[in-house]
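One chain, chain A, appears in both complexes that follow, with chain B as partner in the first and chain C in the second.
Presenting the complex of A and B:
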C-alpha cells in the first residue's frame, strides 16, 4: 500500500472509530440512570465494547500512519478538539428518552454489521482480523437492541408513539452513515473497505422489516446528509466532558 | 552478564498461576487468552488475545503476565495482543469449566463455530443443576457474562458468554 492510500485508510478508520467512541460516551451516560438495573448494566457493557472497537480502529490507523500504537488512540480520543472529530452527527445527539437511545443504537449497530462483513474481506490483513473480532461481539448488541425495538414498538400506545417520534428524528440522521467517507472510492477500488452504497442496501434490507414488524412507519429520508466535517453543537459539550479528566493531567498514567 | 536459561516451557508452567482477574479460579492459560510464548535469549514475547475487545481487565491481564514472567529472572518481557484467530469460548479447558461452576458461573456451551446457535439452548443452573432457567440480560457484570435466573432454586447466576 502506498503512503497516500495508507493515509486515506487511516482517515476512514479514525472516522468509524470516532462513531464508536462518541456513541460509547452517550451510552455511558446511562450508567446509574437507566430505567432498570439490567439496562444500566447492558448499556455500560455496550459502551465498553464500543470503546474497545474504537481503540482497535485507532490502533490500526496508528500503524498505517507510523504512529505509536500504544499512545495514539489516547491522543485521538483525548487531545483533539470537537471540530477534528469525524463522527456522524446522530451519535452526538443527547440521549433523549429510552426509545430514542435504543433506536439509535439499533440503527447504528445494524449498519455496523454489513460494514464489518465488508471489512472482513479487506485486503489489509490487520483490518480484516479486527473486523472478525468486532463482528462477533456486535451480534450480542443487535440481539439486545432488536428485541427492545420490538418490545417498545409493540408495547403500549405510549411506547409506540415515543418510538415513532424517535424514528422520525433519527431516520434522516442515520443516512449520514452511508455518505462515502473522504477517499473511499480509492479504498473500495483497492479492496480495502466496502462500498457505502452496498452497506446502505444491506442496512435497509435488515432494518425496514424489523421496524415495520414493530408497527413503526418508515419516514422520508429528508435532505441529503451533511459531510462528516460538520458537527452538531452537542459534540463540543460531549468532547469537553469526555476529555476533562485526561486534560487535567496530560502526562498522567492511568 | 548473568546468563538465564528460561525455556518457553518454564514460562507456560509459571503462567498457570496467573488467574483471570475476574474469574479467580481460572488461569489465563486455561481460558485460552495466552496464545504463544517466544523466548529469544533473555527476551520473552507473549502473544495474548482478548476474550472481548472492550474488556476493561485486559491491561491487568497483560500486567499480571509480565509480572509473573519477571519472577523467573528476566526483565525483558513484552505482551503483544493479537486478534487472529479471534478468541473462542470453545478454548476454555474442561477442568476450568467445572471450576467456574463452583463460583456460580455457568460455563459457555461448546459450539461448532457459530455461537448464535447455542444461545438458544437451555443453560444449566450452577447452583442446583436445574435446566429450567431463563435469560434475564444478555449483558452482565463484565462484557463476557450474561445474567440468568433459575426457575427452580430462584437464584440468579451468570453465564460466561459463548463466543
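Presenting the complex of A and C:
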C-alpha cells in the first residue's frame, strides 16, 4: 500500500473510530441511570465494547501512519479538539429518553453490521482480523437493541409515541452514516473498505422492515447529510467532559 | 409508585457441553427472550459458557431437606394430568450451586418432585428444584459465538493493577482539582 492510500485508510478508520468513541461516551452516561439494574449492566457492557472498537480502529490507523500503537489511541481520544473529530452528528446528540437512546443505537448497529461484513473482506489483513472480532460483538448489540425497538414500538401508546418522535428526529441524522468518507473511492477500488452505498442498501433492507413491524412510520430522509467535518454544538461539551480527567495530567499513567 | 419490578428468572449456565447446567443467579426481565440477554450481560463475564438457560422463578417448585417428608406438598402429587418432562436440580452443600441431575416424567410439579426424590435416593440433597422442560428458554448453539466468545478476550485485572488512586492523589496535591 502506498503512503497516500495508507493515509486515506487511516483517516477512514479514525472517522469510524470516532463514531464508536462518541457513541460509547453517550452510552456511558446511562451508567447508574438505566431503567433497571440488568439493563444498566447490559448497556454499560455495550458502551465498553464500543470503546474497545474505537481503540482497535485507532491502533490500526496508528500502524498505517507509523505512530506508536500504544499511545496514539489515547492521543486521538483525549488530546484532539472537538473540531478535529470526524464522528457523525447523530452520535453526539444528547441521550434524550430511553427510546431515543435505544433507537439511535439500533440505527447505528444496523449500519455497523454490513460495514463489518465488508471490512471482514478487506485486503488489509489487520483490518479484516479486527473486523471479525468486532462483528461478533455488534451482532449481539444489534440483537439487544432490536429487542428493545420491537418492545417499545409495540409496547404502549406512550412508548410507541416516544419511539416515533425519536425516529422522526434520528432518521435524517442517520443518513450521514452513508455519506462516503473522504478518500473512500480509492479505498473501495483497492478492496480495502466496502462502498457506503452498499452499506446503505443493506441497512435499509434490515431496518425498514424491523421499524415497520414495530408499528413505526419511516420518515422522509430530509436534506442531504452534512460532511463529517461539521459538528454539532453538543460534541464540544461531550469532548470537554470526556477529556477532563486525562487533561489534568497529560503525562499521567492511569 | 406501583411496583415496576419485572418478573424474576433463574439463570443456569453450562460451562462445557458435557457438563450439567448449574444455577448461576437471577435476573429480572419482561419476557424470556430479554431474560436470556440480561443473563448474558450480567453473567457472561464468567468465561467458558457454552449455553445458558433462563427459567421463570414461578415455574420452579422447590423442596428443602426438611420439607422432603412433608405431607403438605405430597398430597398435591396425587392429581391427574398430562405427563410431561421435568428437569431435576439439586444442591448438595451450602457452598455449592444447584445443579442439573436428571429428568423425570410426571403430571405435576409435586409428582415430579416425589419421583425425583425416589429416583435419586443415593444422594444427600439439601434442596431440590423441579421445573418443566417447556419453561426453559435456552440460548441457541449458533449464538454461542456472539454471546460468549467476546468475554474470552477480556483482561481481568484487579483494581489494584490500575494506578488511578495514586494519580488522583498527585493531582489533588497539585491543587488542580477542586475537592
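Following the convention adopted for this analysis, the second predicted complex is superposed on the first by the 254 of 254 C-alpha atoms of A that agree within 3 Å, B and C clash if a C-alpha of one lies under 4 Å from a C-alpha of the other, contacts with A are read in each partner's own complex, and residues count from 1 in each chain.
The rule is short, and it goes like this: a residue touches a chain if its C-beta (ideal position, glycine included) is under 8 Å from a C-beta of that chain, and two chains touch if they have at least 3 such contacts.
Values in this document were obtained by computation on a predicted structure and should not be read as measured data.
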After the overlay on chain A, what do you see for chain B versus chain C, clash or fit? clash
Looking at the overlay, what does A:56 touch: chain B (first), chain C (second), both, or neither? first
Check the residue A:132 against both partner chains and state whether it touches chain B (first), chain C (second), both, or neither. first
First, second, both or neither for A:143, with chain B first and chain C second: both
With both complexes superposed on chain A, which partner does A:249 reach: first (chain B), second (chain C), both or neither? second
Superposition clash, chain C versus chain B, among 62-70, 98-106, 116-124 or 170-178: 98-106
Overlap of the chain B and chain C footprints on chain A, residue-wise? 38, 41-42, 45, 49, 133, 136-137, 139-140, 143-144
Quick one: which bits of chain B touch chain A in the complex? Just the residue numbers, please. 50, 52-56, 83-84, 86-87, 115-116, 119, 136-143, 147, 161, 163
Quick check on the complex: what are the chain A residues that touch chain B? 38, 41-42, 44-46, 48-53, 55-56, 125-126, 129-130, 132-134, 136-137, 139-140, 143-144
Residue ranges of chain C touching chain A (in the complex, touch as defined): 6, 27-30, 33-34, 37-38, 40-42, 145-147, 149-150, 153, 162-164, 167, 170-171, 176-177
For a test of understanding, state which residues of chain A touch chain C in their complex under the given definition. 36-39, 41-42, 45, 49, 133, 136-137, 139-140, 143-144, 147, 151, 248-249, 252-254
